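Next come two complexes built around chain A: one with chain B, the other with chain C.
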Partner chain A sequence: MSDTIVPSVAGTALDPGTVAAAPRRTPWWRPYLPVVVFAAVLTVLPFIGLSNRHIHLAVVCLIWTIAAYGLFVPYAFAGQMTVAIVTAWGVGAYATGIAIKYWDWTFVPCVLLSIGLGFLAGMIMALPILRTKGHYFVIITFVIAEAVTVAANNWDVTSGAGGGGMSVSQSISLFGIDFGERRNMYYLCLALAAIVALGVTWLRGSRFGKHLASVRENEELARSIGIRTTWLKIVVLGVGGGITGLAGTLYAYYLSHIAVNEFGVNRAITLILIVVVGGRMSVLGPFVGAAIAYYLPELIDLDPNRVLIAYGLALGVIVILLPTGVIGGIEGAFDRIRRRRRTPTTEVAS
Partner chain B sequence: MMLEVRQLAKNFGAVRAVVSVDFDVERGERMALIGPNGSGKTTVFNAVTGALRPSGGTVRFMDHDITKDSMERTARRGLVRTFQHDAVFPGLTVEENLELPLLRRVERPDIDLPSTVDGLIDLANLGGTEGRLAKNLSYGNRRRLGIAIAVALNPVMLLLDEPAAGLNERETHDLQLMLQRLSGLGVTLMVIEHDMPFITALCERVVVLNTGEVIATGTPTQVRKDPAVIEAYLGGSVADDL
Partner chain C sequence: MQEFLQQLVNGVVSGSLYSLIAIGVTLVYGLTNLINFAHGQVVTIGAFTAWSATTSGVPFALAVVIAAIVGGLVSVAMERGGFRFTRANPINGFILSLGLIFVLEGVMVERYADTLHRIPDPTSGVFRAGDVQISYQRLIVVGVALALTGVLMSSLKYTRMGRATRAYAEDPDTAALMGVNTERVIMAVFVVGGALAGVAGSLLLSLFGVTVTLGAAFVVKAFVVSLIGGLGSVEGALIAGIAVGLAETLGSAYISSSWTDFFGYVLVIMVLLVRPSGIFKGSEGAHV
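Showing the complex of A and B:
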């Protein structure tokens, strides 16, 4: 959470005569560096001879990444898990589909609409938090996600003729570039995923992000220092909904067809898996989690039924062996190496 | 008058945790609230600070009726509490623990407590722990960090819930020094505590609760000799030891 590198300190709390090392401040750009480097590496992927199929998988994987950030923000920052985040994804996708079909909107207005409606949907679905918290809240969001799916299945506009879903017949065209071409779409999705990741990094270090951390760490104490925790939780779930709404627009445009059942609880479970496997506290976690949870099963042509079993196994293994996820585990290993290089000191219990 | 509590009551269903409690706290005073387990001390704290809505009675703080105020609003008014358990943000560093409440600091004309992380660390005698995660601190350091978090808000009055519980002799002494220093800076203190020597050394006045009612008020010496207190709380043998 901190932008402060923690040095090995000398002295003890009750030994003021000992000079303690002053904490070193990291430069402002340091937290953004991993995202920039990671995105830069991903820009070369299409040049290493990836087939059309793999570029397609990578595009969908990046859309999943953006959607996973919608879950990552409330979960990592404020400790709020919501299954209904997948509903915000559906709201974004259907808002795009409806705006194109009925009003012939173009990409940018569709993005803004999806983010706005996703934000609203996230906040509305967060309202049960006024009366519940923790596991009870998660259960209620589960019910909301299912209820919305059932309702959408019974609405002609969203379910489509004969329940066949909705076609989105427009491709993205911006600055004279046709993003209907897969490689172009890959770069658009990569750019948007990187922007989201940079925004999430900024959010973490902001005043708002610090307040969210207080909610995650100790809500009662946060309230006692004057932080309106309930309001913060509702807003951060709205922010998550907005991000996932953006993923909805990209999804609708890219796949050209959306169906209500695609935005059910199963998809939410995959999103949770992405965040947990990637690293629930690591900004790059959704990128890596999406690659493992979505791309890998496709890469090895895993049977859909076996994918579910693999998801379950992966979740179990990660929770036991890497509780902070893949990226969290790597970060932890680097921290341990760094600590070993410094002079070890321990605090003397006062 | 800093704090006026009148006929404060709190029921949990059929259980009357606090029946009717009256007391005042003067500006700059160091007051203790004591009583046997289950006497309603923490419930009074919770009701005064807005963590619980009282079932009856009124609470006035610096001439404002705060009976129905939330804990967040009460804190912004300058009445801040600490917790017996979970008084820190465990996954954040000491520095981050103090930066957070400093974001919520309210400047007040009548008090000016340390307004920087360094100043708060110095006050709490936590030098050298800035970069440590709060959960990795020793118990005594965690307790003082919890109080420093409250101090960061620049409170006029601090309510401390069993600050010395579980501390060893040296830690208790350090805590006492910290609280005396805070008192010297103009902070009014109200303390729930079981440690009578600690109370005697720190507090000028003691209010004794039993079964949700005030049964005695006075100096620590007076209270120790009060027959009702001896009967209800201390017990004959304990009183002899004091």
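Showing the complex of A and C:
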């Protein structure tokens, strides 16, 4: 999985005899390949005899993956960490719930509504960045997430009767296929997750993505050459909100019940865990992170409280020992092995 | 009028506790740029240490001291075992602190069930000033909080260690060149912050009772307070803590009690719109 390696001439400049050869260009589809292959592998998952419970876990896992992309985009591309991303998830879920309950909307308009509102919510919650940045901004997003939870708990539409939440009693039906059936839902979520992952890959290579990288690497420098960094940060946090809003729709449809307190800071911490475990340098990181953070504890059937302890320890260990995440760690190990095999001229050439 | 004064007093009581918790947050940030969200768990641990101590017969005053010691130890253990390694990259430290929230809260849930734990009032009696009534316990809480803050502020100003701390906050490299033992300064700040959090936890226990999940709510308050006061400023934390306490009690008394937490959040967002780095930051020289 070398999707993090920037196209470079390192591969061709190795042999002193072929130095004159022009650097091989990476074909345009190369960055998308890992995502396509990975998604293709996942399509066979329901055929290897998994029980219903495992399909269910896989669906929830994919929804978490999509939500994690909403945090991945601002964090990995522009270095903007936000706790309030979980609020965008709640906005998406509740927009869906309300649209179904009061206006009887169907799936596609709900998705569009959630993405739109998630995008707006992300942008609005990014507005403090006009006045603060860095650490102050992270804390402010924490405060915003808490404040919205208080507000939602006090609004009887969202908190439900006696704070019991809201039921979403509609199942997805598209092109005559009933996605209430678990296996179909799995393919729908997989398709959407793959589309999001491909979109994210495209975004990274685009002009916008390169500007974001400049914000991440050196904001002052980026600003000095005329990049509107503040605006970029607001937009990228909006994009993250939109992606997470999509996860909100799927979540509301699939679990058919949502409650305000689910979308609290704990969920944000789990999302951060997913992104950090998967590795912020790898586009497939959220898939792997969600599988590790969500699927693994369910597989070994831990007591929920112990799961939290394990999450916390995992987060600590990974942050300290494996700062690039699991995928980053594997890639790093591969690189070291590869480098050991090469002749010392490699070092000079690269 | 009488009710207003009563609310004012209540606001100062909870505000002084907010200040006590916020000092640890703000001091640590001032020195290491670390956003330590696990600080709230130190409050919880302090509160439950005091609960265990008092229910097994230890007098409350001694229980507070034990809670302070345990809080300081837990806090410095987090630094030695974790934050020491993330010092170069404070965002990783922030993520680590989120992990520590899960670990410490999970352990506390295992040890103590998630129910309200209370102790019998350590003192009885009510102080009356006109129509306003204040229980002695509340007076003690405010007194202890203000006294500890005062001691901390003057020792930052006048003692050798305090001067070293301020020097480190100003410029770590130069301070190290001048012979300041920087590791010791950082550890000392974690110990002091943790001890104050432990005291705050045991005082909370004596007033309202505690649950194992209270840490998260209080650490958010502590950050609200620190942001208003300016991250790194102890006097800022003191004043902002009382301001937030007043905003919450007055807001919940005169507007709506189910929105209590909201008023502090609104206050911080409004303050930051006007003064992005807090009220007390950047107005004068060194701040710790």
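Methods note: the second predicted complex is superposed on the first by the 312 of 350 C-alpha atoms of A that agree within 3 Å, B and C clash if a C-alpha of one lies under 4 Å from a C-alpha of the other, contacts with A are read in each partner's own complex, and residues count from 1 in each chain.
Keep this in mind: contacts are C-beta pairs under 8 Å (C-beta built on N, C-alpha and C of every residue); 3 or more make two chains touch, one makes a residue touch a chain.
Predicted model only: the values in this text are computed from it and were never measured.
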Chain B versus chain C as contact partner of A:Leu296, first or second or both or neither: neither
Touched partner set for A:Gly226, first chain B, second chain C, both or neither: first
First, second, both or neither for A:Asn218, with chain B first and chain C second: first
Contacts of A:Arg306 with chain B and chain C, given as first, second, both or neither: second
Touching partner for A:His135 - first (chain B), second (chain C), both, neither: second
Touching partner for A:Val276 - first (chain B), second (chain C), both, neither: second
Interface residues, chain A side, partner chain B - complex: 1-2, 4-7, 9-16, 18, 20-23, 207, 210-211, 213-214, 216-218, 220-228, 347-350
Complex contact set, residues of chain A against chain C: 81, 128, 131-132, 135-136, 138-140, 142-144, 146-147, 150-151, 153-154, 265, 269, 272-273, 276, 305-306, 308-309, 311-316, 319-320, 323
Of chain C, residues touching chain A in the complex: 29, 33, 35, 37, 82, 85-86, 89-92, 94-96, 98-107, 109-110, 216, 220, 223-224, 227, 231, 256, 258-259, 261-262, 265-266, 268-269, 272-273, 276-277
Footprint of chain A on chain B - complex, ascending: 49, 51, 70-73, 75-76, 80-83, 86-93, 95-96, 99-101, 103-104, 125-132, 136-141, 144, 149-150, 152-153, 170-171, 174
